[in-house]
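We just call them A, B, C, D and E in the order they show up, numbering each chain from 1.
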Amino acid sequence: MNTSLSITENIQDWLLTIMPASAASITAMALIAVAYLTFFALAGLFLVLMERKVAARFQLRLGPNRVGYYGLLQTLADALKLVSKELTGTVKADKFLYNLAPYFVIITALMGLAVIPFSGSIQAFDINIGIFFLIAISSVGVIGILLAGWGSNNKFAMIGAMRSGVQTISYELSVGLSLLTMILLTGSLQLSEIVAIQKDGWLIVQGHIPALIAFMIYMIAGTAETNRAPFDLVEAESELGAGFHTEYSGMKFAYFFLAEFINMFIIAAIAVTIFFGAWLSPFGITDSLPWLGVFWFLGKTLVIVFLMMWFRWTFPRLRIDQLLTLEWKYLLPLNLMNIVLMALIVWLNLTIQF
Amino acid sequence: MDILSLFVLIPVLVIIALVFTKGLHQARLVAMAGSLVQLGMAINLLFAYIKESAVNENVFVFTRDIVWFEQLNIHYNIGVDGISVALILLTAIVVLAGVFISWKTYDLPKEFFISLLVLATGVYGFFISIDLFTMFLFYEVAVIPMYLLIGIWGSGPKEYSAMKLTLMLMGASALLMVGILGIYFNSNADGGALTFNILEISKVNIPVEAQKLFFPLTFIGFAVLGALFPFHTWSPDGHASAPTAVSMLHAGVLMKLGGYGVFRIAMFLLPEGAMEWSWFFISLSATGVIYGAFAAIRQTDLKYINAYSSVSHLGMVLFALLMLNKTAWNGAILQSLSHGFMTALFFALIGMIYSRTHTRDITKLGGLLKVIPFISVIYVIAGLASLGLPGFSGFVAEMNIFVGAFQHEAMFYRVATIISVSAIVVTAVYILRVVGIMLMGPVKNEEFLKLPQATWYETTGIMLLLIPMVGIGIAPYWLSEMILKSLQPFIQGLL
Amino acid sequence: MELSSFFLMRHELLLLILTLLLVTAEILIPNHKKSSVVHLALFLFGIHTALGFLSLEESSLFGGMFRTNDLIHFFKNVLNIGVFILLLQSADWLEEKIVAQSRGTEFFILMFFSLLGMYFMISAGDFLMFYIGLELSTLPVAALVAYDLMNRRSSEGGIKLILSASLASGISLFGISMLYATTGSIYFDEVLKVITTTNLSVIGFVLFFAGLAFKISLVPFHFWTADVYEGAPISVASYLSVISKGAAAFILMILLFTVLKPLMEVWENLIYVIALATMFVGNLFALRQQNMKRFLAFSSIAQAGFILLGLITGTQLGTATVVYFVLIYIFSNLAAFGVVQAISLKTGKENMDDYNGLYKTNPRLSLVILLALFSLAGIPPVAGFFGKFFLFTAAASEGYYFLVFLAVVNVTISLYYYLLVVRAMFLRQSEDPVPAFSNKLYMRLGLAITVIGILVLGLYSPLYDYIFTLSGVFN
Amino acid sequence: MESEALIVFFLAGVALVAGANFISNLISHKSDNPQKREPYESGMPTIGPTWVQFKVGYYLYAILFLIFDVEIAFLVPWAVVFKDLGTVAFIEIIIFLVILGLGLAYAWRKGALKWQ
Amino acid sequence: MIPGISITEILTVTSILFFIGVYGFITRTNLISILISVELILNASVINFVVINKYLYPDMLQGVVYSIFIIAVAAAETALAIAIIFNLYKQTSSVEVKETETMKY
């Protein structure tokens, strides 16, 4: 197992002592899978809670505060409620596609999570084309949404899915291009290498102006990628009921909900990895304590996530034409120019070196 | 500019001049003037040739060799011998006569004369070429205007006839082209360069196998134009549908290209192939001779009669050529000339009769001798020449052919010759039948009594053709001598 | 790499700049002034064509991906001239029908991109460049075929073209991958050194050949041709039939004569069969066509069969005759399409019956098409005769007498249907003939150049000798 | 092996959804009536088929996306090696982007980016 | 390189893919299906190139580079084909071959 989870190595050694090699590696993988699934579920639950709390604070409310200490168990209770609800669906639906859709969104979210470098040692899948893989896998997610919309055979769902499709593919360009801008600086697609380059300074500092522009574009596009407000006209409640997942209930609805929050987390995590040095501490203050990296990483990520939540309550929802205008007429040309600017800076060695 | 290239250049210039004319009057004047100049040139050429050949040992005189496509060794290579000179003269006369006969072409006159002259250009070019490529080129130039000439100005099932004629002749050129290419790619058999030059190829010993392969291709390729028996079907239809002048040119001149090509290319360059295959083609041509004659008896349409008679007569040309001896060849050339004048005259007369009576069906005609005596008398004269009466060109030609043919001892040749000779009798039958029905007897239609006499241009046309015909008949000697001298290299090559 | 070596790509760079200029023009010029784009494009392309004749040295670029020599250079010029004439002929159509919908510039842009693809295809030094060129030359044409948005047939032609083009290029690619498997390289030079006749390479070659056979519309990959031509605007059909086919024939020749020469024993037989099939199918189907575009489509299929006769040789003579034939073919076919276009533009008539009595009303046009058809049929003294004769000479030089014979038989068949048009124009009368009209300057110029070409190209022998000398590069 | 990790995550995803569905089916309360099986459209019965032709604008963006996304595929290798190549890479990518930018500008001018 | 899977197996798969594509192209009656069949053929070639490069000639990247270009071109092809199909659909309200075809021999 090439995955450099240091915990695993210990466990693997231990496993090897009690069973044959092949069984050991399968067990190890199963353990990893369980670990990530746990994290997946916990992160989802936590982010939902966080969202509600943040929203409440913005609106001068308290937010959930009954279930558990300060309402900490609220989302867990919600989850349990969802599990126990009946899985309904319409007779008119295309059953196969309807049921297939959740798999798409969940699997892509999970795979996206696999390449995130939580710390120097906690990264399940350090592929050499990491960023490319992320871009690729995130575009598969949209298929799940389209399938959901199509398979439901419901007009709201269909319109929501189409909107989602056009929105996601549009903003995917900006996500890709802004990440590409940063690749010019790193010269590598491997996430661990990208992190290594930031040892002496975060890329957003190294690349100064173009990197800043790239970050802003990335944040806008990333928010739109995840269909979050102010780009949430996919599921604009006031227009479309619940959008593409109108016809999903109970657990099936929960998948989309969960995947959305995990995607938000992934977007934030990538932003942290590419722009803010991932698990590296600022100015190397905790270099001597590598295990702190995870916390640095999660901390930074949550800051970005908070930023995205902040957006939600700051900007009004866009109309679809505004949304597309923003992408195609502003972000995309800006992005292309930004790439040239970055190339110029790298070419002339104008980056900030430490 | 040498004397021969003018034969290509002048018609082209006349064509260009014709493009700028307006109306019938201008067009026919320009065409007549151009044709007159050509006739003058042809006569000039004749005398120049006689003068030149007296001092020049070469068979081909006035040669000129301009490199054209250097890489393929294609040359613009021209020269004439006695045979070509005689045929050029024939062409010039028939073209001029044709212009006169077409004096009253009201429909698209300019285009008519242009096409006629394009045809003439092709024929002249063919006769002066001694390069296979240019020869083939001019051959096709001569064939294509026929389509328009028959198609536009013809009568009856003209579209069908024109298409049939064009396609059969072009189909023949498929064989011809393969033959020519075969000769070309074997012309380096003795180690020289590949060449299209007839004179040079004739000196090369082309492998016998190749000769056997390419001779029938080349032979049939040309002989279709010369109305070889199973491939003659285009000829009656084409002639019947064509306008008068075109029939004249076609039967009188164009079909001679076939015989000339057979002689100059197939037999001259592939002598061993010729010997190998002669029995086969003799059978075909003998069949053609007798078949044409018998078919002519059955016809009632004047043009068909004449067309089948052409098949018969030209069959005789091919027959004579295949006899492979000097006398027969001489006869073949003379027959070509004689038939050229004679059949042109026939078609001219038929045209005149048709334009007056509006029918070519001999059963509807009768007693024309009383109504239009001049035309009728000329018709009789032409008929007599056709059946080979002494004193006319036909006699001289056929005499030579059969004398030559009988020189062969072998049974096969004898039988073939006897069959062919019997065609003369049949010829007499159909000629006299036409004369009897059409010219003698009562006038079958009241309106025919008021037919107008021949006009000046018709008379001119007739006289142009009649004089040489009689001339050859009365004084064949100088012509024979000129031809015999030119036959020398063929004899060396073949015998 | 020296920047100055980019000048070896002069044709490509110039055309690219030109096209980008047009794109910029399309973006900047307001809609009501769009008609000026036609003149601008013609002017620019005229300059480009003229500049193409400057001499160019023989070399290769990008490590052998791009190569150029005198023959390639010559052929690019030929294509330039062809396209220039085509544009002259299309200018009126564009001005009258297309500019009004403000879609005039795209016509030029797409056509130039396609031409650019052909340049790359011809200059390709490896299969990658070749493939990109092939696609770049095909895809814009599909858009051009579907140019007439209101016409259902146009869209249908477009989809037929692009689907069959994709299929062909897919098959071709699969073949290339097999060739790559056997040789280990996609560079022509290296492939030439390594390739031998093995099962895999032969299968690869045959599949690869299919892609190009499609482009030249050889039987059995000709099915799209007639439909696409009929659906397409005439300029585009003309482009497909003339420029596209010419370029494809040329690249096929380059590939066969240089890269795949070691497989000669394979492709000789292949081409022998395909040449026969193409000639016969093209000619026999042409016999029954009434629509002039379909008619010319099948005629051009048959012409492609004739081109194969020169390809079968693999010699310098073969090269020279193919180039020469294609050059003549470009002029002849452009003339024919030009007249069809002129008539279609004025009257909307495209059927052969509509041409009845054309000579009476429009003598000049009918003479032009007469010359063009005679040239296509190979009647002397117009250029087509020389082209055909030399092609047959080339085939005969390798001993393919029987093939030549069948080819000439096909010439006769083709003459029959060419004469059908002649018959309609000259022999027939019509109740409702095409009214007499006069063309605008551009069309006249376009037709005049083709007529001059048809008359002069054959008789002017130094041209052939020049081509022959150029053709030495492959041997 | 890397690819194995990918498979693990894939299977984990499948297991998550399938397992949760299973549990949900097991413990949930079930009831059925015809209204429940109708598509939800704010209480109105649905009118006409849902799977109809959508506005062409959506597809237009899909086509545009296709083009620009593939262009990213070309930019990625370039970006990775840009530092090593320097000048030539810079000039070439300028050409590439200019053409691309022209394409975008063209689409803009033609109104392909306008949502109607 | 994937251990345990030899090049023959992959090439067999691509060949099958290729022939499925060809078969689909010939038998399908829906324009979109035909387009998908074409894409199958292209994908078969892409895989071929990558695999041949990786297994047989790993020292040069020719096959891989080639495959990137094939993908790009395939995208352009699809974009154009879809655009034309839309236009056809607008006029005929169908993407079935037999309903769109008007031109025949």
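Going forward, contacts are C-beta pairs under 8 Å (C-beta built on N, C-alpha and C of every residue); 3 or more make two chains touch, one makes a residue touch a chain.
Chain by chain, the UniProt names read as follows: A = NADH-quinone oxidoreductase subunit H; B = NADH-quinone oxidoreductase subunit M; C = NADH-quinone oxidoreductase subunit N; D = NADH-quinone oxidoreductase subunit A; E = NADH-quinone oxidoreductase subunit K.
It should be emphasised that the depicted structure is a prediction, and the values quoted were computed from it without experimental measurement.
Once subunit D is excluded, the chains joined through touch sort into A | B, C, E.
Here the chain-to-chain distance from subunit B to subunit D, counted in touching steps, is 2. Using the contact threshold fixed earlier, the set of chains in contact with both subunit A and subunit D is empty. Among the other chains, B has the CA centre that is most remote from the centre of subunit A. Using the average of C-alpha coordinates as each chain's centre, B ends up farthest from subunit E. Of the two interfaces, C-D and D-E, the higher number of touching C-beta pairs belongs to D-E. Among the chains, the centre nearest to the mean of all shown protein C-alpha atoms is found for C.
Distance between subunit A and subunit E, defined via averaged C-alpha coordinates, is recorded as 32 Å.
Note: centroid distance subunit C to subunit E, computed from Cα atoms, is 26 Å. Work out the mean CA point of subunit B and of subunit E, and you get 65 Å between them.
Subunit B and subunit C have Cα centroids separated by 42 Å.
Looking at subunit B, one finds that none of its residues touch two or more other chains. Not a single residue position of subunit A touches two or more of the other chains. Shared interface positions of subunit D, i.e. residues touching 2 or more other chains, are given as 62, 69. Remark: the chains found to touch one another pair up as A-D, B-C, C-D, C-E, D-E. Residues 1, 20, 23-24, 26-27 of subunit C are the ones that touch subunit D when the two sit in their complex. Of all the residues in subunit A, the ones that touch subunit D in their complex are 1-3, 29-30, 32-34, 36-37, 40, 82-88, 90-92, 102-103, 106-107, 109-111, 113-114, 124-127, 132, 135, 139, 150, 152-156, 158, 162, 165-166, 169-170, 172-173, 176-177, 180, 183-184, 187-189, 241, 246-247, 250-252, 254-255, 320-321, 324-325, 328-329, 332-333, 336, 339-340, 343-344, 346-347.
Those residues of subunit E that touch subunit C in the complex are listed here as 18, 21-22, 25, 31, 34-35, 38, 41-42, 44-45, 48-49, 52-53, 56-57, 60, 62-63, 65-66, 69-70, 73-74, 76-77, 80-81, 83-85, 87-88, 91-92, 100-105.
Contact residues of subunit C toward subunit E in the complex are 127-128, 131-132, 135, 139, 142-143, 146, 149, 152-153, 155-159, 162-163, 165-167, 169-171, 173-174, 176-178, 180-181, 184-186, 226-227, 230-231, 285.
Note for the complex: subunit C touches subunit B at residues 317, 320, 374, 379-381, 385, 389-390, 392-393, 396-397, 399, 401, 404-405, 408-409, 411-412, 415-416, 419, 422-423, 426-427, 461, 464-465, 468.
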